[in-house]
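Same chain, two partners: subunit A is paired with subunit B first, then with subunit C.
Let's look at the complex of A and B:
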């Protein structure tokens, strides 16, 4: 098990080699997020509109995909789907592994997406829909123009988390033999025995991508939420911020909008 | 190869023997992560000079990399460190005698500590600052106030996140199969390949994990209801 001695040169050597498989990783992430959004919408709608039987089905679906590890799901779909399709006389033995991987991640992400969509729609104040109706919008109009934009902004942080989680989960696709970054790292290791270097580079690449994604989503979030007033709700929370000075408090209260109807 | 429903039950019974290993890994990593995570969270909240920024970087790095890279880095990096240390200190201890499961425990504790520190931090930040001030004003010291006033409330606020992280670590423990620890997933692989019935074996594993997850959710829900009794609001 102990590999070759740590050699910094290999770290630089492995960077371009691992980056060459970055596109596979990003393909899996991109496809499964897009497909997952579609699945999520389909699964969320019966629960949002309380469709009798379908509601129950989507509840079980979400519970299953959130309640089992992604690794088990990968194996389950990889080995199980061909057998189920064989019953329907469909032969999928020549389908590339990547299809199964993307399918699994889409179904997995879909379960989380449906919860995200549900929470986002529920978080929009009911009065918003009523106000939309009162100015004469139809149901779909109210949903598309009023509820959806607000729900999107609210669920963006959750969406960002999901994208980053999916990115990190793709590191498990190697267990089915897909040549994404983690798989590439393992082949590099069987050649050179430089375990620590390879995994260090791998970790750094993942970190940089998820860090960049986080920043990107934060910018987007700020842009989508620009209609909301900035509330410094955490000002009075636990933590040491130094004792508040009277001058500071006065300055603060002066900048606050006055109460009343705002006329 | 035909679907064999009765083998699902056979596999299920065989897999039950691996449940304790999975639960052991999960409990140890969550507990270790909670202790480490609390220390990290306190370092960040109190802005401890050197440790604060280090903690922030640590949490960002661990949360930004997949769990499996932590496991592999510990698995392949730790032996070199241990051997180097024991050679320079003249111990007879060698890394070969470390059991596989120890690597999994160390790696998952590291992973859990970063996630737990965020859970603890958000819990602590959810406690109103006035609570600490009130505790100070009646003469408690800061450790007393933290232990008696802040932590119980923070725990109640953090419980949903805590159960989520716990489930996350339960699911993450499946990765231990890569370092030859026989937990549920590894056992499923063994059962599957010896009988050449992959679908049935993994289905049984999925059912076990599903059951465990639902159980944890229920327990956390009940605990949450009990712990939030004080927080019902209103005047009655």
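Let's look at the complex of A and C:
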């Protein structure tokens, strides 16, 4: 069915209405990233240190959450988890939906984070650890003071991607009825039938936040990699010179490994 | 004093070290020579347990560790009594020259930061890098990086400094400056064990030369003796190949 006739006034009208639910979206992103980072660490460690049984468990976990669409994960956890908990006599029927949503996104992000951490740590030269040992550091000291800072710097571009992907993925949370931005847009559409206006506003908001995040992470990366010759580092990483252009940024994000699920 | 007794090392089925005994007295410079694959680097790395010996005994400054059952603490102690200079420098990439030298003093020796900074700056000055304190390793030449590596080892004031082919990754024109620094600190009476391919350096600086082949010490003794009159055929072959008598003219 065709919607109502395009009316610019609605665009301006929808902006504040949609922005009023931005805090829900950002809450989901923020919590999922923080919790996901924790999960990611826990999952990465058994694989980094080759702990026999736990290593298998984390492998299965990672391949499940990387190999299934997040929409299905949302439904599975929202409908499935209460069933399992019922067996243990835990009643979660009164738990807010948002908890399930954050849980799903955290587990989802955690799977990608663990891969990111694993790759980052593995990319740090073995000689760095040996040097740390040779001056008398313990294993944990070497990890925290020498390996981790370098691994973080290496991982930052991937991390930036994950944050932006999570931001975009939150647009699926409305399918469980959470009133975040996309959910709000849906209700506005149901009332007014102004499809284009609503989605246009949504697209602008998501894009502006993503773009701001990109710039922020780029600054952070410069800072973390200040020990590399900046010129070379940039060219090696991005294969282009000069200041970043908008087109360059878009092309870059399109070529990166994970860019949100999309339905 | 450093004393290694009956050190053996297996990698799987392959035996890399076949019972090595080695002593370095206080202030002595011991050079380990030999063809590649002879086990020199492995032996050196066994001293600070970067490589775990299969059997034997390591003693540094009166602290003795049985290689069969070393505790974490014993390994830690051996590492604190020694320091290493690596072939590929292995400077902490995310730290400046000064921070590289300070790191061990602050984290391991628990020195107050100001004191560590002062001491580190002094040592860097000594290796000729007083002007490069705030440079990151990527901003330094190979020779400068290796001198930071030496400063990092030196600042810890260890019982022994272990050098693992300290000049073999350097451009030829940078070898001199690094050897010069090592020569200078050797004169200060710091105990050193040096794995090297620089025959001239070994002959001039070492008090004691060890020639290794296939995991064994083939010959050892005074450098003048060994270079002038090697007793073993294997040593003769090696020295002949590495120091050609004839020069080529084009």
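Convention: the second predicted complex is superposed on the first by the 229 of 263 C-alpha atoms of A that agree within 3 Å, B and C clash if a C-alpha of one lies under 4 Å from a C-alpha of the other, contacts with A are read in each partner's own complex, and residues count from 1 in each chain.
Please note the rule applied: contacts are C-beta pairs under 8 Å (C-beta built on N, C-alpha and C of every residue); 3 or more make two chains touch, one makes a residue touch a chain.
Since this is a predicted model, take the numbers as computed values, not measurements.
Please determine, from the superposition on subunit A, whether subunit B and subunit C clash or fit.
Aligned on subunit A, subunit C fits beside subunit B.
Answer with first, second, both or neither: which of subunit B and subunit C does A:203 touch in the superposed model?
first
For A:153, using the defined touch cut-off, is the partner it touches subunit B, subunit C, both, or neither? Pick first, second, both or neither.
Second partner only, subunit C.
So, A:141: does it touch subunit B (first), subunit C (second), both, or neither?
The answer is second: A:141 touches subunit C but not subunit B.
Considering only the touch criterion stated at the top, classify A:58 as touching first (subunit B), second (subunit C), both, or neither.
Once the two structures are laid over each other on A, A:58 reaches no partner at all.
Of the partners subunit B and subunit C, which touch A:227 in the superposed model: first, second, both, neither?
The second partner, subunit C, only.
Count the residues of subunit A touched by subunit B and by subunit C, then name the partner with the higher count.
B
Could you tell me if A:131 is touching subunit B, subunit C, both of them or neither one (first, second, both, neither)?
Touch status of A:131: second partner only.
Contacts for A:80 in the overlay, against subunit B (first) and subunit C (second): which applies, first, second, both or neither?
A:80: touches subunit B, not subunit C.
Minimum CA distance, subunit B versus subunit C, superposed model, integer angstrom?
Value for subunit B versus subunit C, nearest C-alpha atoms: 21 Å.
Identify the residues of subunit A that lie in both the subunit B contact region and the subunit C contact region.
none
Once bound in the complex, which stretches of subunit A touch subunit C?
125, 127-128, 130-138, 141, 145-146, 149-150, 153, 226-229
Which stretch or stretches of subunit B touch subunit A in the complex?
Residues 1, 3, 45-47, 60-61, 63-70, 72-73, 76-77, 79-80, 83, 95, 124-132, 150, 154, 167, 170-172, 174-175, 178, 185, 188-189, 192, 198-199, 202-203, 205-206, 209-210, 213-214.
Per the contact definition, I'd like the list of subunit A residues that touch subunit B in the complex.
Answer in residue numbers: 1-3, 6, 63-64, 66-73, 75-76, 79-80, 83, 87, 164, 168-169, 171-172, 175, 182, 195-196, 199-200, 202-203, 206-207, 210-211, 214, 234, 236-240.
Considering the complex alone, what residue numbers of subunit C touch subunit A?
For subunit C paired with subunit A, touching residues are 48-50, 72, 76, 79-80, 82-84, 86, 88, 90-96, 103-104, 107-109, 136-139, 152-153, 156, 162.
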